[in-house]
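In what comes next, chain A is part of two complexes: it sits with chain B in the first one and with chain C in the second one.
After this line comes the complex of A and B, so read on.
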């Protein structure tokens, strides 16, 4: 016969004063785990949220990022009139050539400097990226040294307010607007006119092409054609696939989160063991009584395991709740692929919460197992006699 | 029975709890030290003798923007400049590595490398062989050992930044610099592969003396001001610290986590101590009744809690010291961390935290002892 669930719960709650330290300890472990994993989730979400599934992105074979890719100008003409590419009502092919430049700029409040990704775009390129819209100000005008910066970057960098200008090398650019990328990787970019960008930074080559094929089948065909043509040394893939892979930055954060969770949980398991041993110790007579009443050893073990698991679950929930305070908070670090500042949000997903709670329960069970066994092994008579 | 043996006996009375408490303190302090090392490694550039003399000149726009090769003549004429070499980060993927190559490849001028890498030791004939062959390279000892490479082996790289691949022969293995990991090859070879674009990544300059280094940096910056390719010259150390600043909030993050760890530690120790005292409440009351003073009781509690925390520190911090001295951290973390050194300062931090912990954990039980009267204490059964 099993002990009623209420026995475990009420026991866990009645000793709240002595167990609170253990519960808090477990809460802190789960807090650190969930918070770090939510950073990684934020980076993954921002890159997984970027691009239009209909578009193809072309970069040089071998380059891992658009910003490190160089494509000869001749290739633009070679590709532009291929039959697979869709055309707009005016009969122009829907293909854009972008130039990406990294510029080193100072952060606000003297927090050092960082690289910012400048993207030189054409009207066609803007058409093909409907995710990006203007949040404030106006778009740049071709032929002017004007730039539209991401609203999220604007909060982090000096001279990014509308109307201000900043210098990069010998070039001076004026901020005329803020753009909003809808939580995509474009939130970490600044846009300016492609020709202006090429002349300012003396770029003879393009960085990438963005193409809208006529339909999915034409897209497949085009990818195969570019891959096979030895003249090009280019690689075409779906824009969404390209961005989905840009998550190298998340890997060490995930690693750190797991490492900390494991190391901290060792300490937490010891603490939980201490608490549960004390619980068993102070209840020796009660456990003896239960046995006399006919409860089996395994029922006692189960009841104690439930108690430990329940305690840990409270801790886990507390940890998640505290971590949730940071949900949606915007932060930034250097992206490994782009080598520039990437902006993203802490993302506490239901999956992360579930993982955190599961982890907490496991810590609780690991800490309870030995004390529970000890309780089950208590000789009944001696237990009854003990004070 | 002396006082100290009384304390010891008391501490050892519940051995299981003692062992568990010491282990949890030890685990947390181990973690604290690991975090501190990681933070130091990420934010404190490794340096050697030569690095105080070396200056890195990059395009003012950013590292991603190349510099014109013609700047070399101007640089060489600047007073206080002892040697100039191109220093182009090739950033290739080593054949055999899937996604990430743990060492850097730089295109340089071999004739100037000796002056720039003054700490590097390389056999004379290997150096000469490197200078003589344009498709050869020299490799740091750590990387050579890691991949099992030796002189005469061929190494191939796929360009991730430059649209060309490298096929190099190892002419020599160098060692003695602060970071024996990099590969160096001829800038001329890269130029030829790229069709002589007339650009380099950055310039590597050696100042004639340490005193002159800051002046040289300034002179270089001024020499190219208002030119089509303005530069930013800075000491190697400042250059590396620039990278660190790009990590943005990571420092705060690790610092914050360290605080959380210490706090969790505090909770555990406090709860254990109060548990230990609670179960011998009656005894303490008897001691009081026998005429022991409060301060003597305090001493018992404090000594026990302090001893527990210090034992944890010895185990945790000492363990960290032993472990990180034994482990080949470079192999373990895929080259992300090189040194992973436990400094005396970190040990000091761990022990101070432990000492503080010992005192704080004793405070609660002490307070209870003060508050409870002898009669009350004698009445408790638990």
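After this line comes the complex of A and C, so read on.
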């Protein structure tokens, strides 16, 4: 039979002065762990939230990202009238060609410069991406040097207010609207007319094609056809799959989060161990009394583990609560896929909170295990005689 | 006249401690019997072995050699887990320093030994309330030990010793930390447990006045019975 839970809880709380350092240590570890993982989760969500499951994205074979892909303009004509491609009510094939260009622009408040991804899109491109909507201003007009920038980027870059202009190389573009990507990767882009983009930046080739097949079966056939046709040297995959894979940026952040958490947790384990050794030391006679009354060694070990676990849980909850302050906060980093500024939100998900709490409890249990074992191994008579 | 059955039979009990290379004999070939319902006091100077003898009889310590039968069970032959169960079911403990758990109330302290039994919470509550009433602390059951006087703490400890209704109650200097009035109350309580309530009480004490409450007194010196 185990000791009552209130014994462990009250003992954990009664020494709050000596245990607060341990609680704060564990809170700090969990805070760092949860915050860094929430960064990675935000980036993953941004990529995972992008695209339409009905669309196919076509890039050059061997390209890992749209921005690194070059496709001859002739390929657009070759593919456009394939029978697997759906058509809109006007009878036009639902296929778009995009041009992606990286430009270096100044951030607001003199915070240096960063790459921004410009996407030259055709009218079909906008039709195929209904998740992108106009948040303010108006859409660009074809043939004009106009750009619609992401509303989230607009808060971070100079000259991105509506009506302002910015230069990139020899080109001057005027911001006529802000777009909203619905938490997708498009929130990190600026859109302009595809032909204007090619002309301004002297691009003779496209970067990618976006295609809406008639149905899922036609999509499979089209992917197989593009893959097999040696003229094209292109590969097609579902748009959502493509973006789901674009999470390379999250990997080092996740790694850093885990590394820091593990490193810091070693310190936290020792802090917990110190606290629990002190707890065992000051309660030796009490432990002896419990043994005399008939409680077995394992009951004492369990009670102390619960006590350590409970302390760690408080620390974990505190760390999660502090980290939660940043939930939804928008920030940006350089994306390793496009080498451009990508905007995303800290996402403290229930799963992350659960992982943080579990991590905290594991730290607490690891720190308590040896002191608990020591307490259990104390000879009863020696424990009773201790001062 | 009926001769009461012995509840404790000790035969040739020795306890030798090793302190570095020196061996210290705490008990040397002790033999004695204690009848059921006796209030036996163990007296002797410090280091005479009286607490060691008490601990061995109560199954807290192990002898180097000899037998110790309590209610027919040789406690020296029980393993660690068996001893824990045996102590819970058969022995009530009263310590000089009360040894209450500071974070638990009087009620919860008294309830502790019952948590190791199969009793339900309602039955446990009844038994705890009954023993707290017996020691006159019904109105203090939700107090923490620090909210009680020394005498009240010791009475809670006696209630804890009695709550499982053991045949044997052992008390190690139970009045050592009490003022004379509280000591009298505690000794009176222990005395009432023996003949009237049928329990066997073994008490270690230095104090001849305390020993006078017992029905029999034995003296140890240098690990041997002197009278």
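What we mean here is this: the second predicted complex is superposed on the first by the 387 of 387 C-alpha atoms of A that agree within 3 Å, B and C clash if a C-alpha of one lies under 4 Å from a C-alpha of the other, contacts with A are read in each partner's own complex, and residues count from 1 in each chain.
As a working rule, contacts are C-beta pairs under 8 Å (C-beta built on N, C-alpha and C of every residue); 3 or more make two chains touch, one makes a residue touch a chain.
Quick caveat: nothing in here was measured; it's all calculated off a predicted structure.
Of the two partner chains placed by superposition, only chain C is touched by A:289; chain B is not. Look at A:7: by the touch rule set out above, it reaches chain C but stays clear of chain B. Counting the residues of chain A that each partner touches, chain B and chain C differ, and the larger count belongs to B.
Judged by the touch definition given at the top, the superposed model places A:169 against chain B, while chain C stays out of reach. In the superposition on chain A, A:380 makes contact with chain C only, not with chain B.
When the two structures are aligned on the shared chain, A:146 is found in touch with neither chain B nor chain C.
The contact surfaces that chain B and chain C form on chain A in the two complexes do not overlap at any residue.
Of all the residues in chain B, the ones that touch chain A in their complex are 16-17, 20-21, 23-25, 27-28, 30-31, 34, 59-65, 91, 93, 99-100, 158-163, 165, 226-230, 232, 242, 245-250, 257, 260-261, 263-265, 267-268, 270-272, 274-275, 278, 336, 381-382.
The residues of chain C lying in touch with chain A in their complex are 55, 58, 60-61, 80-81, 84-85, 87-89, 93, 95, 97, 99, 101-104, 108, 112-113, 115-116, 160. Residues 1, 3-4, 6-7, 10-11, 14, 285-286, 288-297, 380-381, 384 of chain A are the ones touching chain C in the complex. The touching residues of chain A, when paired with chain B in their complex, are 18, 20-22, 24-25, 28-29, 31-32, 60, 62-64, 67-68, 70, 101-104, 107, 111-115, 168-171, 201-202, 233, 248, 252, 260, 263-264, 266-268, 270-271, 273-275, 277-278, 282, 331-334, 339, 341, 387.
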